[in-house]
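Across the two complexes that follow, subunit A remains constant while its partner is subunit B and subsequently subunit C.
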Partner chain A sequence: MSTVEHASAQRKSLFTPFNIVAAIILAAGLVVTVMRFTGGLGAVTNLDQNNPWGIWIGFDLLCGVALAAGGYTTSSACYIFGLKKYHAGVRPAILTAFLGYALVVFALGYDVGRPWRLPYPIFVQQGTTSLLFEVGLCVMIYLTVLFIEFTPAAFEWLGFKKIRNIVVKMTLALTIFGVVLSTLHQSSLGALYTIVPSKLHPLWYSPYLPLFFFVSSICAGLSMVIFEGTLSHKPMHHLMDKEYLDNHDGLILGFGKGCSLILFGYFAIKVIGLAYDNNWHYLATGYGAWFLVEILGFVALPSFLYAIGARDRNIPLIKWAAGLTVFGIIVNRFNISMVAFNWQLPSQLRYFPSWGEITISLFVVTIGVLAFRFISTRMPIFYEHPDYKGEH
Partner chain B sequence: MEFFTLQDYYTHTKGIVYLIMGGILVAATLYWQFLMGGNRKDD
Partner chain C sequence: MLRRTFLGLLGGAGALAALPATAGAAGKHFGPHPDTMAVLFDATRCIGCRQCEKACNEVNNLPAPEKPFDDMTVMDTERRTDDKTYTVVNKYATEKGGVFRKMQCNHCLEPACASACFVRAFKKEPNGAVTYDASVCVGCRYCMVACPFSIPAYTYNDPITPRVVKCTMCSPRLAEGKLPGCVERCPKEALTFGPREEIIKIARARIDAYPDRYQHHIYGEHEMGGTCWMYLSGAPFSEIGMREDLGTTSAPELTSGALAAVPMVVGLWPVLLGGIYAVSKRNQKVANAEKVMAVKNALTKASSEAEKKLSEELKKADVANKRLIEVEVKKAVEEALSAKDEDAASSEEES
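And now, the complex of A and B:
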């Protein structure tokens, strides 16, 4: 292909359906951003005194943090448990986690407002008795850890060998630090809701909420690695090296098996939570039916599908189970933060997100997808850099 | 079921929790065997 033809092909490739949809979402997001920061929360959201936390917390933060758990689950499987066969999956997982957490902080700026004051709770006035302080501190430190864990790919791309080698030597320490921080803040996000026993429906409220959030985040992380790998497999296939492609099915089978067991455990502790609070009678109500849909349809069913898929080495079935689990985690976080929250209020006082809120959530997700594509098409994410082959 | 004292309530709920936990121990073993069976090649 001549240079002129190549340039012409590149120009054409800019106007793909994906790029056009992404551009429309980005443009709409920028308009809502201006409205939010000039007109305040009331200009673009349906938030009020009864519902101060909406989709920006329920989706962007709670789901964002849970679905970014693939970083610590994959790196701990590889570096702490010594499952080196999953090494090819670490960099995509770390990049997804890093972008996920970065966008959680970015989205929080919309909800909290005055983003230039974001460092205040950490450096100026610490509210050490608040769970939110603990979450904020952990997210800040973990985002830094994820950034450092991601930097070897950037340094290899830039050709900074010395500093790359120094950071690689820190991998195990960073992984352990990441697991500790994730354990702390994943559970603390659940603990936030233990302050509202009278507002959250009894089927979802439990003193074990921190445990539920932590265990479900492991399922979310493992499933998200499979799900994200499935989504990027076709468009990024030309960037994947032999090691990644050879180990891909093994990673899906191994993670599918692990996720099946953890989902089984999650289902078990959810039933124990139900028995501990003696909430059986609520199962016969409308909320009970929805609770059963959640734990049977989005916990027990994917666990079983994962098990069948792992037994029969059925990769497509495991990928479907991963998608179902990811969707189930979103349903769970939506239930806790919105559907079952303020359940006793009359329907006219209940919260439903406005178009502005939905636009910003789509805007944030689109930025994440574009950033992932931008980085993974340039840096050694799906392949090993030729200068560092076999160095792990 | 009616409860007249806190002890009644906890005796009931704890009793149910212990029964469920016993069931989970058995179920987890069976589930593990189910999961680890099937077409095993290299893992």
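And now, the complex of A and C:
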């Protein structure tokens, strides 16, 4: 199907199943939004005095930031490690990361009590002893960096040649800056929990939490690029140029190989963490079984599947491994923020998300998908702009 | 993007490198202040009359509770501090019978809440109290996550001005020279207020005087780096709802390692990443140069071979040509000679 035909077909069928579901989620999200900002957090969440953080932190913040790590991993592979063949994958990854971080901040607007004060920690009174301050500062700067990294696509679309060329010249500096910031806030999200050895189950608590979060964010980023490339392949196929399509399988193979190795390293340091604190005896408990499911099923297994997939050049297997890794990262962040947090409290005092919280999380993801579709169908994301072809 | 904005951002990155250093120097410790005051709660003296709860509610102008303070049935279930209560007394069934234990903010010497707060809304006052300033609070609730005693509460149902709620150790009353409300009201002297050093001596004296009555441990002397509220009990502390596994490491110490790594990453990562970039770029350059050289060599070799072949061919062609010419010449000569012979023969015939 040619592009013209496809565009007209799209216009005709605005009521696709996807659009209808998205519209329902958006409508429900708007209703909950009104409830949240008129009735307070208590009106829509299951948060209480013992459980101050729910899925808006566990999913929207922790998973959101980890899964947006594709931006720094892909851009550093291409621009720092000199793997130029991944160039076509950089723009989709940067766009995803930018939208991911923007939505993390957007979602925090629901979670914090007085969102209009979010700039306070940076501009009014700095709590420099807090790891959350570190996270806030890095996320704010990194969101700006990602925005600048994204702007060339917008400038090409708008035809602003001069400023586009200036920004492109800053690519290497921005990429290095982005990796520094990502290292810091990805690890600091884990370090947030180093203050609560008494509340987080020993199998998940570790002085190495910052390292665990950083290393797993690389796996999350690489896997997310594969996973998302798979998702957008069909609906966006008509937009993808020859360079993107020719390199797509190579990118999947390369990232799969890399991810297999890093997941193996992650598995190793998780086991070392276990040994360092001598927590072996907890493995025989119920939490221990769940911990084993996490590190065997969602770390060791995808590492193995990636390795086989890379050896046999089995693209579908690599894609499955990517899905498993992404799911595993979500499981890990949920375990640390909710399942293993407050583990000593009796079950009736434990947290479970409310429908309102789930609705807002779905609402945020839906906005992200729609924004990605809106931008990638208009700006040169999956293809090179004809005026700047072969410039890299 | 404006140049100034970008420079500002770079400045921000510089600040990022500089900040944790100052945090390490100035912010690692919140106390202890030399004249820190403290309160001792003696569980062997508490009769669970809830007068302290009532006094607290009055002096702090807190909202009226659902059930009045003389209703003792509330103690049938374990309660905790919440958005309307700074302190509660719970009843525990222990090996030594029913024991009451008061709960409120312990006013840590190195408070987890203050260490965790990214906007410095908590302050460790010189008098020992940990106070909270709602005017800067963003409402992230990390203080509630961080508190090992699960004390701070949040007004979840307030959409516009939600805030953290917790005991202030009656810091405003201390400033006026008064006792904390609960201490003043306690009819059984289960609460003792004084300088922390003195309070520890009093507690130790009680344990020494009645070694059979007390656990030989002052809870709060060292827990989480030490607290300003300390506890004596006859029953094991774990039986009266107090964690005995908190350890003596203060909250700021737990996070100091992670904070200390930040400036190192800022300093080393650009060097490492820049180095990787330089090496990969050089590798590429060398590889490209080698490729160009190889192509050039191949071309030279091919062209010299071709030239050689050409000259050989030419030589061959030359020889062939020469022979051809020779043959032709010979032929022409022969023809000419034979024509001459014929002419001679015919003239002979004619003559």
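Structure notes:
Note that the second predicted complex is superposed on the first by the 379 of 392 C-alpha atoms of A that agree within 3 Å, B and C clash if a C-alpha of one lies under 4 Å from a C-alpha of the other, contacts with A are read in each partner's own complex, and residues count from 1 in each chain.
What we mean here is this: a contact is a pair of C-beta atoms (placed from the backbone, for glycine too) under 8 Å apart; a residue touches a chain by one contact, two chains touch by 3 or more.
All figures in this text were calculated on a predicted structure; none of them were measured in a lab.
In the superposition on chain A, contact is made by A:39 with subunit C only, not with subunit B. In the superposition on chain A, contact of A:232 is made with neither subunit B nor subunit C.
By the touch criterion stated above, A:278 is placed in contact with subunit B alone, subunit C being left untouched.
Set against each other, subunit B and subunit C differ in how many residues of subunit A they touch, and the higher count belongs to C. In the superposition on chain A, contact is made by A:254 with subunit B only, not with subunit C. Shared-chain residue A:268: touches subunit B; no touch with subunit C. Once the two complexes are laid over each other on the shared chain, residue contacts for A:130 go to subunit C alone; subunit B is not touched. Applying the stated contact rule after C-alpha superposition, one finds that A:311 touches subunit B and leaves subunit C untouched.
Using the contact criterion defined above for the overlaid structures, shared-chain residue A:376 touches neither subunit B nor subunit C, since it reaches no partner.
The residues of subunit A lying in touch with subunit B in their complex are 250, 253-254, 257, 260-261, 264-265, 268, 271-272, 275-278, 307, 310-313. Residues 1, 9, 12-13, 16, 19-20, 22-23, 27-28, 80-83, 112, 114-121, 136-142, 144-146, 148, 150, 153-159, 161-163, 243, 245-247, 251-252, 254-255, 257-259, 261-262, 265-266, 269-270, 273-274, 276-277, 280-281, 283-284 of subunit C are the ones that touch subunit A when the two sit in their complex.
In the complex of the two chains, the subunit A residues touching subunit C come out as 36-43, 45, 47-50, 52-53, 76, 79-82, 111-115, 117-118, 120-121, 124-134, 136-138, 141, 144-145, 148, 151, 172, 176-177, 179-180, 183-184, 187-188, 191-192, 194-199, 207, 209-210. On the side of subunit B, the complex with subunit A involves touching residues 9, 12-13, 16-17, 20-21, 24, 27-28, 31-32, 34-35, 37-39, 41-43.
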